[in-house]
């Protein structure tokens, strides 16, 4: 029982991080109808920037404080992500408007390649460290209720909390702020949005920046867990089933989906894995999503499509 | 339309350029021993691949700076494989036409792919401490040289060490040992050996695969926590190792009970885990640090001259040093070959192969080369393409690797028959007839 | 347009019923699109369905085509009764259809678009088509000939090989019609065949429709907004409003129906 | 001037329905084949065969297969690599388990197994559309990758999961030298390309395109979505499977599942998109582009005498590759094939622009 709970929590915490990345996908898809395969590359790029700046800045400016270094690095990284967003809009999106999804998807793959290359040639391709003072040692809880107690990773806990906070933040941003509403308007109908004078290009820059922000936070969390290194760009692959499970256009979907996938794959790996020889979680997540789609083709919270002729 | 025609030209340009230039590259340099360098400085495995590659290149530079091999200078060209088999093959094909005489594929997968091509092209493969374990059998694998150790010897030695810690092989009975491995040919190689050992010594072997590249290991380590094994063997490469250590920390598995293969015992694996990895052990094929004479020479003759391949502070790190050793073995093979086929001549692939097969590096030679204390003597033969299987255990103290004192050697009784059987199987599959004594002389 | 003397036809009600729609109700998640619609179509007649926008005209056709599955009601075709129609069956039974907002295959040439109409009639297997030998090739050529007749009939020879996407709207409408004709239908459903056309184009289209009706004896069900056209070419008219049937009869009868007038003039009651 | 079709009148529909109705095209094609079959084997270097031509041929074949699915039937698949893997491993099993199984048969059996798996994973397409389907096909990718790593039977119980073949021969002729391998691939490619071309200009091809362009209308004129989509999946995965078998048998010789990982799937998708969706010719252009580009890029510095570090150059390679992808999607979303036909249009009018 105790172990089952550990697995469950483990799954929930990972799931929270998945939703964080998934939200990046959803934001961009909602606003620009682009399925952004570059999200992973953005995570890597942001994390690299963060890691390297926090390492370089003290040397350049000659100060010690780790906190200051991290704060400055974070800001700088964020600036870079905004720049990236702006460039993407200028050089790619604005020229690719109203093309079918598949070419857009390919374009983002191109962008992903570009960012991977750029990031690594700017910041190097070794394995780097992000130290935001995440607690590493695990903690024991409920020793009274379960023999051996319940082992929780503090790091995951903190990470999950941050992720959750950010997710809520973004949700609020979309529901409450005027920009958020504008974004939603664009998402619902491009022409209409333009006709009431919402400049599409600016909206896109904003959305991609917000996605960049999500990527940065995700990058920092994963980065301090795994170390910042090329492979970071692959975590996005793990968020894809989340996106289709939750529905491409729904933020709540991304959250619920993330948790479901996180728990699903961990439980499957632990309790099914041994029977099948292990290593099943990656495809299990996808199959889970696939089976679900067969029942609800538009995902958990996606809108239903009716063919009109 | 302008853009379109531009696009068109780009395509045509690419095509024609490729056509025009690629062949012209395909000429061997005269009077120089050509070593192609398959490396990966990008992708998930770059942090480990890079120092290795730099070590190889720096040693070549050192040899050239000090008069080459009896006057024969070494020319080289790097090719990025990204640890991907097909790119590795592409590199091999490209560089072999430039007169490649020795190849270190730097990846087990690529080694597998090249094992069938090497005999055709007559290019020896040197796979120090990796590759196809069975290829130790020189009778079946004429062109493979898993010098200094294979994954089978590695696994065997780890078990020996654990037995020793437990106070005798008999103590292994009933123990639980879990292998956490990179889900690829590399990670799977040791399994047959471990199963053999498990049968023999009566310990319980559990296998936990980690999907490459190994960034998501939460469930793997939850399983470890569930099974509570007495020891965990870590068969990882690249980012998988550091991630494994971090998850071990997060699930509270004692690092002292973790033993990595010699590809999981370098700085990149523990660097950003730091103190948390304290007590973690791994196999050591070689020492690290800048004390050895050869490293000093490299610093003096290469880096001080501003010709260092990588950053200076990486010189002497575990994988860098291994790169140096690998390149040294190649160079010595050429030197050995020259003794037979003519000093100061450029050796062909076949001649280098003979050199590799007749390596005899005793302590004296090693000292002379500046490898005193870095590694143990090695001597190969027609039957044994490994030469020696000496290795030690090193432990991370939170800041640096401390190499233990006692040397281990794989247990012939176990290795020999397995290698032989595997060799037979391979020879039969490939319908090759095994080499006779006469062939060994050639 | 049509003066009774020229084509002596038996009055509509004397001819046998070919298609009978009975108590059809359709709704999308609570929203009622059609409520309890019944009407019949007799052989060789031109039957019009009219009504204001959103009256559920296209939905009606979609039910007949099996694009939508009505929640209630049944459709009887040549005595065979169906609860749900399935597009394939409908097509096989010889019901063809054109679409309100062009549903042509944009990526394909005019020729190929119309050729798809013949697919039902092509029998050669996948492998035969791959090797394109014997039957497969003969079929292609035979059907190509048939299609060429349609192309001539619709006077679009010049555009044979142009991708339909590049054609002007009026011509695309013709291709749409051509594709339907290629199926040699017994019943032809036309969804606003003249929407967005100028007077000449409308006249051409009406001519095509009547020719089809006369020459091939095809029964025609058409949705149309232009009352003038409807009155001219249709034998009987169904009037829908807000998914309900508010009128049914000859153009003359319908014109006099107060409900219809109200629906069109929009006088509230 | 020289590229004109006027004066060539078609008296029969058969004549009008040829693959290359225009004389010049036929001549050009013929010349091209002569060069490919006779001249190239004589002059090409081993490097060209093994590192460029053979990969190009095999990947064009795979791209061709994928193009049928994506380009003609409009079903996006990100699992192509996996279907190649199925082809390769299935062929391998027939090769090693059945004594004296002729090479060509094993290859085709590989294709057939891929067909079965392809259709299986194609079933979701009946319900799921567009990007959802695309991501769903990743399930195939990851599951199949896993299966070949984990299920020993599939790899003939090779401890490492990596398998290898050797001593290939076709109808008694050895397939060992680069030239022989090249000719084998070329022959298969030409045959499949021909059949594919026939299919897409026949009834079935029209059904696929109809599904792609307007599925409701297609259904209304009596095209069964199930049949159209699944047949596309079947044909596509068959060709892809054979390509996979060739990749393993002819190009790599020894391979592991990683040789068919998700990167391969993306690579192939790039090929069909850069080359041109819904164009047989495009598949070749795409493959040529994607195969040559990296090689050219990483030799580029050498030609201009600059020596940049391997790391940097391969990072630049990444960047340029990515940039070019976007560039092409921006200037010509319909791919190189469209560029080619626009070029032909121009040539047709040349030297009089109007």
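All chains are identified by letter, namely A, B, C and D, in their written order; residue positions are counted from 1 within each chain.
Criterion: contacts are C-beta pairs under 8 Å (C-beta built on N, C-alpha and C of every residue); 3 or more make two chains touch, one makes a residue touch a chain.
Owing to the predicted nature of the structure, the values given are computational and were not obtained by experimental measurement.
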Chain pair showing more contacts of the two, A-B and A-D: A-D
Chain occupying the most central position, where position means C-alpha average: D
Centre-to-centre distance between subunit D and subunit B (centres being mean Cα positions), rounded to whole Å: 35
Subunit A and subunit D: spacing of chain centres that average the CA atoms, whole Å: 33
Geometric centre distance via CA averages, subunit D-subunit C, whole Å: 41
Sites on subunit B at which at least two other chains make contact: 41-42, 46, 50, 183, 209, 211
Shared interface positions of subunit A, touching two or more other chains: 120, 125, 277-279, 282, 307, 309
Multi-partner residues of subunit D (each touching 2 or more other chains): 146, 149-150, 216-217, 220, 311, 315, 318, 324, 330
Complex interface listing, subunit A residues touching subunit D: 35, 91-92, 95-96, 99, 101-103, 105-107, 109-118, 120-121, 125, 237, 240-241, 243-244, 248, 276-280, 282-283, 286-287, 289-290, 293-294, 297-299, 305, 307, 309
Contact set on subunit B toward subunit A in their complex: 41-44, 46-47, 50, 183, 207-211, 213-216, 218-220, 222-223, 225-226, 238-239, 242-243, 246, 249-252, 268, 271-272, 276
Contact footprint of subunit D on subunit C as seen in their complex: 65-67, 87-88, 90-92, 96-97, 99, 103-108, 112, 115-120, 122, 124, 126, 129-132, 136-137, 139-141, 144-145, 148, 179-180, 183
Residues of subunit A touching subunit B in the complex: 3, 6-7, 10, 14, 120, 125-129, 136-138, 151, 153, 155-156, 225-227, 229-232, 234-235, 238, 265-266, 269-270, 273-274, 277-279, 281-282
For the subunit D and subunit C complex, residues of the former touching the latter: 12-14, 17, 195-196, 198-199, 202-207, 209-210, 212-214, 216-224, 231, 235, 278
